[in-house]
Structure formats: structure tokens, C-alpha cells
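Two complexes are shown next, each including chain A; its partner changes from chain B in the first to chain C in the second.
After this line comes the complex of A and B, so read on.
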């Protein structure tokens, strides 16, 4: 309950941004941090809480993005409906990928490789079929107005991403408090032991991948509406997949606030890179790779782990003593 | 309660389980002994759905459960523990036990409350909020027992819960196992610690190279020449008998 209160407080403070920030540049930064937190939190559900490391979250992100774009451009369907359809399509893709991997018990690097392959297949497909605009990409016509999920000011976009991200965070809070979450973490920590205790590992992992796909897909819808342009590389390319996993790994795997910390940290890093190295194509991925290795080696519990370690330090000796008396 | 008929499992040329039949009676503590590599753990894995048998059947409470998934078997009331303890590291003792409790309880709060009650029964209530990974071996064994108990089983299969414990720890854990039986849970245990087998179990089977070679009350079984030879080598039974005659 305390965590939920803290979550409410944090999002209330973030919600002040449109009222106190007048510069579009800064508000854009807040929007992009929320967006990264959403992408990361989506991955965190499956990777952080479920222990299933996906390298292909672009599959869900791209499906959400393309769904809303194609429905608008080819069929004239309103993007608000596209938001729902995008989420639903991403869930469907997640269910297919989940079924075909978990059914055969793929774990660890095998699971990672297969998810990567699925994302690549979708990238190549979207590069080949006509209704996605193939390699040229797809341009959503500018038609600003809340009815079209396009806003004249950044404020409108802010509230959309704020709400979706809040929904993702509340979902993850619920995971931490529920039977589903307890079983998911049990599967993460030891699948055989969990199954021996009656946890339906397959069903639990399916639930996790579909929830994860849902929020990834919604992030894709938001991206499409915000930038109004997609091509196969943007939607299904490895950059999204890498960003999805980097955010929670930096922030802290399997923690509620990790993805928010990670999104903030990653934003600072990418701004610094731009400042000092300039626009150098592909440099961000190089930097991301270095960060990823460094994090896994030196800070496996991420920024959230660092925060709790720092908090614990003043009382460290006392906590140790208390543990000793129990033993 | 548990009926195994002509169960067979070969791994290539290794006959891990060859034509094993046994019936575990309700309300008893039964045990399965045998030298290293006899196929005891494999038999557990076959019964609880972790391995699929090549032939034979397993009946639990009158229903055929052969080759059902482990989680389905657990739901029907049979759980196992692991010889190599498998705590959910990084989670507290309370959270570990609650995973078992969640099999029958949806509510998180109730499952955590039940975890606390079960921890009390196995003597873990002073360590509820410790990370499971920080427990000693004896603590982890207790945790294995607690998690299994939290699922409200009708039959528990203990895979060497006493292995790796020192004599005083064994003395502490034996009453815990006995108390489980007093509550109406049937127990089948695999055990190397003969002290435990002799004092705990009322009936025992001896497995050697995948086959049952003896069964009966533990005291009778350990003096069976076949069993002595399985453990100590060919000719040993005879030599021991000779020595006993000499001493007499």
C-alpha cells in the first residue's frame, strides 16, 4: 500500500509538468522519459518479473505502431479505435510468440534468440507488403485535434502518455501484490520448484508476455501518433528492442520504480552523448551496448538497487546484528 | 493412496527404473532406500510428472495420473521436495512459502498469513523476513518442507530432507516430519540417513539399479542379505553373518 501511495505521489508530481514547464523542449523531454519508462516497464513485466529475457520487444511495439497507422491511412479508422486495436494486435502477436516458445520450454538465450528472430521476421514482412508502405514507410497525415489523437500542443500528448504509463505502473504494482505476481516470480527464480508447488508455469508466462506485449504495443501507438511517421526499421528494428531492455536493466530489474529511474538515466546519458559527440549515426547503440555490459557487470540490481543500498548503509551494521540474532 | 504399477524408465542403456510396483498406504510414513544411483530420485520424478515413464502407470487417490504435468499433480494433492534444495532466492522465507499457499488461496494477504502459520509448524517463524538464500542448509530443508506443506497436500514425497544435516539438526527435523504425519498427511521419503529411516518409517522399499529388491518393516529389510549386498558389495552378507556367529 505504501508503494501505491508513493507511486501516486510520483505521478502527481510528474503531472505538474505541463503546468510548470513552459518550454516545449523540456516538456518534450518529459514526454520522452515517460515514453521510455513505458517501453521499459512493458519489458520489465516479462523480463524483470518473469525472468524471460526478450530481445524482440520491437515485435509488439511495431505491431501497435503499424496497426494504428495502417488503420488510419488505408482504412480511415479513427486512431482512438486504433489505440485499442494496436494494443489488441500486440497482445495477439505476444500470444503467438509466447505460445510457440513457452510451449516448447524455451528458456534463457534460446528464448532471447527466438524473440529476436520473430521481430526480424516482422521487420522484413513490413518491408515487403504494400499496405505498410514497405521500405518507404508510412506517413500519417497531419490532422491536429484531440479527436484524431494528435494535439496542437505538447500538453495533449503529455496527458496521453502520462495516462498509459500510469496504467502500466499500476499494473506492475498489482503484479507485486497478487497471486499472479507471486507465481510469476517463483517461475523466474526456479521454474521446476514452482511447478512442483502447483504453479502453472506455462499459463503464468503467457499472462506475462501478453501484458508485456499490450504495453509495448500501446507505446508503439503513441510513437506513431507523436512522430506521424513509421518505417520497418523504426517500428521493428533492434533499437526499440534494445531500449526496452536497457531501461529496466539500468533502473533495476523486477522493481516497480526501476524503469522510471532507468528512463531518466538513459535520457541523461543520451543527451550527454549528443552534447559531447554530436549526431553520429549509430553512436547511441554503441553507447547503449557499453552501458549494458557495465550495468550487468557492476550493478546488476540497477539504480533502484543502488538507491536501496545507499538507504540501507547508515543502518547496515544494525541490520546485520539483527540478522545475526535470528540465526 | 498411491499405486505404482510396472513403472519403467530407461535413459539410453541405463535402467533407471525397471518394472517398479509399489503401493503407499494412506496415513503412514513409508520410505524408499537404496545405494547411490539406485534410481530413487528418478522414481520420484516419474511419480510427480517431471519425467514421462516409458511404461507403467501411476494412480493417485484412485485416478490415473501417469504423465500429468507436475502442477496438475500438485493440485490433486501430491507434492515433492527436492534433494538439491531449490529456494526462490531473493525472496523472503515468507514469500517462498506463500507460493505454495497460493495453490489453494487466491488472496495475497491470506496466503502470506498461511505462510506464517506453516513457518511456525516447521520452526521457521523467527526467519520469516530473511532472504531465503541466506538460510543455512538446515533452514533451506525446513523451507522445502514448509513450501510443500503450504499446498495442503494429501501425500508428500520428501527427497532426502535430512541429507547434509548434522546429527543435532536431524534430531530437530524428525519431530517436524512426524508432526506432518500426525496431521493426516501421508509421507513417502527417500533417505540415506538410516537413523531417520529406522525411527520414522513404518514400511520401506529398497531400490537397487532401478529394481525393487526388498520391502517390509525397516528392521527386517536392513538384515536382508540382498540389501546388505546391494549396499556393501557381494559376499558381505555372508561375512557379516559369519562374524556374528563367531561373536555368539
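After this line comes the complex of A and C, so read on.
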């Protein structure tokens, strides 16, 4: 319960943002951090807690995004309904991918490659079929108003992403406390042992991938409504899949706050490198990459791991403890 | 909090209102515009994909825009504002619409007076929409999607032609070139990249060419990037089309053209629409044999204009390849500066109004008179170019032509 209280406090503090931030740019940064935390947390459910490393979360993200866009543009269906439909379609795609892979016992790099292939297949399909706009993409008409899930100010978008992200984090907190979560982590740590203890690994993994798909799909819906334009590369391209896994890896795999820390850390590094060396094209990306490599090398448990390590070791004992850890 | 969001111009206006009342009391009836407090500089945001997978084009855009700013400043800055200089504020979208939009938000808060962006249509859609939230004047330099100016955004303008016009022009001129040669071309194959530009081109040409008596016998889509065109070229060789119509970005265009040359493809002509390399001096210089006789429908400058030729020489003196990105970004800055000049201030509404009524002289381009309709310069049009004897010549329209079309080649 202490963790839930802390979660509530963190989100309450984040919720103050629209009241204390007058700068649209800064509020946009907070929105994008929440959005990155959402895609990262979605991946974390399956990858961090379930130990199933997916390289193809774009499949769920893109499905959510395209669902809301296609329903609006082709069928005139309100995007609030599209939000639900986007999440549902992403769950369906996750169920199909999960069934096709877990049913046949795919694990590790095989599972990762198959998920990557699914995302790529969806990218090629969306690039070919006319109702997604094919390669031309799909532009959601600008029609600002809360009824259309488009807001004149950033505050409206902030509350939408804040709520969805909060829901994702509360779900992950629940996973950490529940029997389902315990089974999921048992599968992650040793699937054969978990099976021997009576855990239905297939059912547990299916639950995890569908929850993961749901939040990825909702992130896709949010992206579509925020930027109002999608094409196959934006929706199903590798950038989304990479961002999804990078955020929890940097923040801390299988931890509740890892994706939030990862999203914050990545955004701050990205902004700082762009701010100070952005005038030299490409250099900021190189520095960004070097920092990421260093973080992965020297902080294998991510920012969350670093935070707990610092908390656990008072200053006087840190050097001694470090010596011990190398021993 | 509220004060931070209030535009500086409004505050100044409030101040002037009070001061004006006092001045009237003293018998002074007004102040010349240029004597009013002016900003130290007019800030122009330049947002381009200078890193990432379209970095070459993004950098070309940035260089063109910077050249325009330097030229305007050298000519005395914004004269109606007492010679205030333009100041470039640089942004990198990294080829991503969301980062482009974030750059706009940052610049808008830093008090930017106008934005020129964003090379790709997808980025331009995002940047113009974000700029619309603060009514910041936004001029699109290269993005050709017609959707950019059809969303009712009152801050978004484009001086170059949009896709619909380019495609119509391409089809009509191909028909004219074919008919002038006695209509020898009866069949065509389209090879296009997979995104908005290539797919849109292929769809449109597939519909329009049969109306002009040219049957489209095959449409081949390829991914970006594609590094081996052998299979595609072998298909072309098997089908023996009279016309080959590529619609791809620079790298793929070059590879396709080279592979066709290696495989000794013989067609009556290669005719591109917005060909990534067909109107590019770099391609012509590096692969003259592959480039020879290729026709293109693309953005180009007026080869009969001294101003255009002087700008080309200046760009080349700086070591730049004079691609359309350079001169379209240059023109976009010029159009924005012209509007600020006519508005006599950086008030956003006034600048947007000036852009809406722009009649800037663009005789350095092969355009008609500048006339803005819903943010689109209706006077803008593409031209047909052809690579002839190692140089890029304009072959249509006639009033801008520097050479006659060579067709059919075989």
C-alpha cells in the first residue's frame, strides 16, 4: 500500500502541471514524458514483469492509432468511441500474436523476432490497403473541441494522457500485488519451475500480452489524436517498438516507477543535447546514443535500480559496499 | 501567468494608447511608425530535418533559408521597421513530426515572429498545426501535400506548387511531349517508393495516363530504403514499356537509374514526377550517362532570370548543390520577410493578413503572378526539365524553356 500511496503522490504532483506551468512547450514536454512512460509501461508489463522481450510493440500502438483514425475518417465514428475501439483492437492483435507464439512455446530471441515480424507485416499491410490511406497515410481533420478528442489548449490532452498513464501504472501496481502478478513473475524467472508448481504459463502470458497491447493501443490512439496524422512508418515503424523497450530498460525493468524514470531521463537527455548542441546536425543524436550506451553499461538495473542503490547505501558505506559487490 | 502568455505587441499597443492620449494633450498628433520602439531583431524559426534519414534535404533547406536571411539583412533588413535585421532560430525535427511540433511550441514561446518549415509533408502538417495554436505565421517551403493548405489554418502559407497541380501539369505535359513526337509512347511502367509521395504519384498517373492513350502495364512499389533494383529492372526489361516513370527519393532514384543503365534498358523515355534525382546537379555530375535524357516534372527556377542565376551562382560559390530545397526554402523566407515588410510590424495577425494578400514578385521562378488562395500561391507551377548534354535544361512551359525536348530517345 505504501507503493500505491507513493504512486498517488507522484501522479498528484504531475497533475499539478497544468496549474503551475504556463509554458505550452514545457507542458508539451510533460505530455510527451507521460506518453513515453505509457508506451514504456505497456512494454514493461510483458517484458519487465513477464520476461517476454517484444521487439514489435508497434503492432499494438499502430493498431490503436489506425483504428481511431480510420473510424473517424472513413466511418465518421466519434474518437471517444474510437479510443475504446482502438484499445479493443490492440488487445485483439495482442491476443492473436500471443496465441500464435506462446501456443507454440516461442521464447527469448525467437519470440522477439516473431513480434518484430508481426509489426513489419502490419506495416506492409497498412502500406498497401486503401482504407488506411496506404502509403499516403491518413490525416484526421482538424476539428477542435473536447467532443472530438481534440483540444484547443494542451491542458485537455494533458488530462487524457495523465488518466490513461495513471490507469497503466495502477494496473502494474496491481500486477505487483496480485496472484496473477506473482505467477507472471514466476514464469519470467523460471517458466519450467512455474509450470511444475501448477502455474498455467500460457494463460498468464496471454493475460500479460493483452494488457500490454491494451495500453500500447491506447498510446497509439492518443498519438493519433494529438498529431492528427499517421502513415505506416509512424504507426508501425521500428521507432515505436524501440522507444517502448528503451524507456523501461533505461528506467528499470520490472519496476513500477522504472518507465516513468526512463521516460523522464530520456526526455531530459534528448532536450539537453538538442538545446546545447542542436545547431550541429546529428551531433546531438550521437551524444544521446553515447549516454544511452553508458547508462545501459553502468546502470544495468536502470534509474530505478540506481535510486534504490543510493537509498540503501549511506554515503560513508558506499565505497565499501562497491568493493564488496566487485568481489 | 497570464502576462507571460500575452503577446509583447499587445502590451506595447496598450502603452502607446496611454502615451498617445498624453501626446494629444501636448498637441502632438502621432509618431512615425519607424520611430516607435522596434524589436532588436525579427526572429524567423527554421525547422528542418537536419539529422535523421532525410538530413541531406533538410540541410539543403536550412542553407537556402539562411542564404535568404543573409541577403535580406545585407539589403537593409525590414525597412518598414527601421531596418531591423532578421535573426534565424534553428530547429531540427530529426525527420519526425512530433519533434517538429515540439520545436514550434518552443519557438512560439521564445517569441518567434514567423516559421519556415519543414521539408516533408508529414512534418509540415504537424508544424503548421502547432503554429496555428499561437497564430504564428508559418510558411511551408517544400512539403507538397495538398492537405497542408486545405485544413482552414489561417497561419499556413505555401509559395511553391502543391501536389495536385504538379501531377496535373506532369500528365498534361507528358501528353503534349508525346503528341508533339507523333504519339509514339503507348505503354508505361511506374516504379514508386512506398510513402505518400510515391504512392500518390502512382495512383494519380495510373488513372490519368490511360485517358491520354498511354496504358499503364505495371506498377511496382518498393520499400525505403531499397538497395538492389535488379529484380525490378529485370521486370522492366521483360515488359518493355515505352515509358518508365520513377517516383522515388534521391538514393533509390540513383540506384534505379544506374541499374537500368547497367541492364541496358531501352525505352523511349524516362519521365519522373518530382524525381528525387532527375533534377539534381549532383546526380547529373556523378552519373552523367545514367542521367542523360531523363525528363522530370519538378520545382525549378526560371533559367531566363538574372536574379535566379545569380542566386544559383552564390549558392554554388558556397559549395552547395543548387537543388530545389535550397531555392524553395530561400523563397519561403523571402515571402515571409516580404509580408513582415508590408505589415510594418511583427504583429501575427498583420503578418498573416499580409501573407494572405501577398503579390510578391517571383519572376525568378517560372511562376505566374503571386496570388494566395487559402494559403496556396495559385501562381506557382512546376516545370519539365530534361538532362541534356550533362546539364539540366527546362523544356516546358515554352516561355521558360532553355532547350527543346528530346523524345523519343530511342
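Here is the rule we go by: the second predicted complex is superposed on the first by the 292 of 327 C-alpha atoms of A that agree within 3 Å, B and C clash if a C-alpha of one lies under 4 Å from a C-alpha of the other, contacts with A are read in each partner's own complex, and residues count from 1 in each chain.
Rule of thumb we're sticking to: contacts are C-beta pairs under 8 Å (C-beta built on N, C-alpha and C of every residue); 3 or more make two chains touch, one makes a residue touch a chain.
Being a predicted model, the structure only gives us computed values, none of them experimental.
Of the two partner chains placed by the overlay, only chain C lies in contact with A:142; chain B stays clear of it.
In the overlay built on the shared chain, the residue A:177 is in contact with chain B alone; chain C does not reach it. If you count the residues of chain A touched by chain B and by chain C, you find the higher number for C.
Once the two complexes are overlaid on the shared chain, A:32 sits against chain C while remaining clear of chain B. In the superposed model, A:127 lies in contact with chain C only, and not with chain B. For chain A in complex with chain C, the touching residues are 22-25, 28-29, 32, 127-128, 134-137, 139, 141-142, 152, 223, 226-229, 231-234, 239, 274, 278-279, 281-282, 284-285. Partner chain B is touched in their complex by these residues of chain A: 177-179, 182-183, 185-186, 189-190, 192-201, 323, 326-327. Those residues of chain B whose C-beta lies close enough to touch chain A in the complex are 48, 50, 69-71, 74-75, 79-82, 86-91, 95, 98-100, 102-103, 105-108, 111, 126-127, 130, 134, 136, 147-148, 150-151. Across the complex, chain C meets chain A through its residues 1-2, 4-5, 50-52, 55, 58-59, 90-92, 94, 96-98, 101-102, 105-106, 108-109, 122, 125-126, 129, 133-134, 147, 151-153, 193-196, 198-200, 203, 221.
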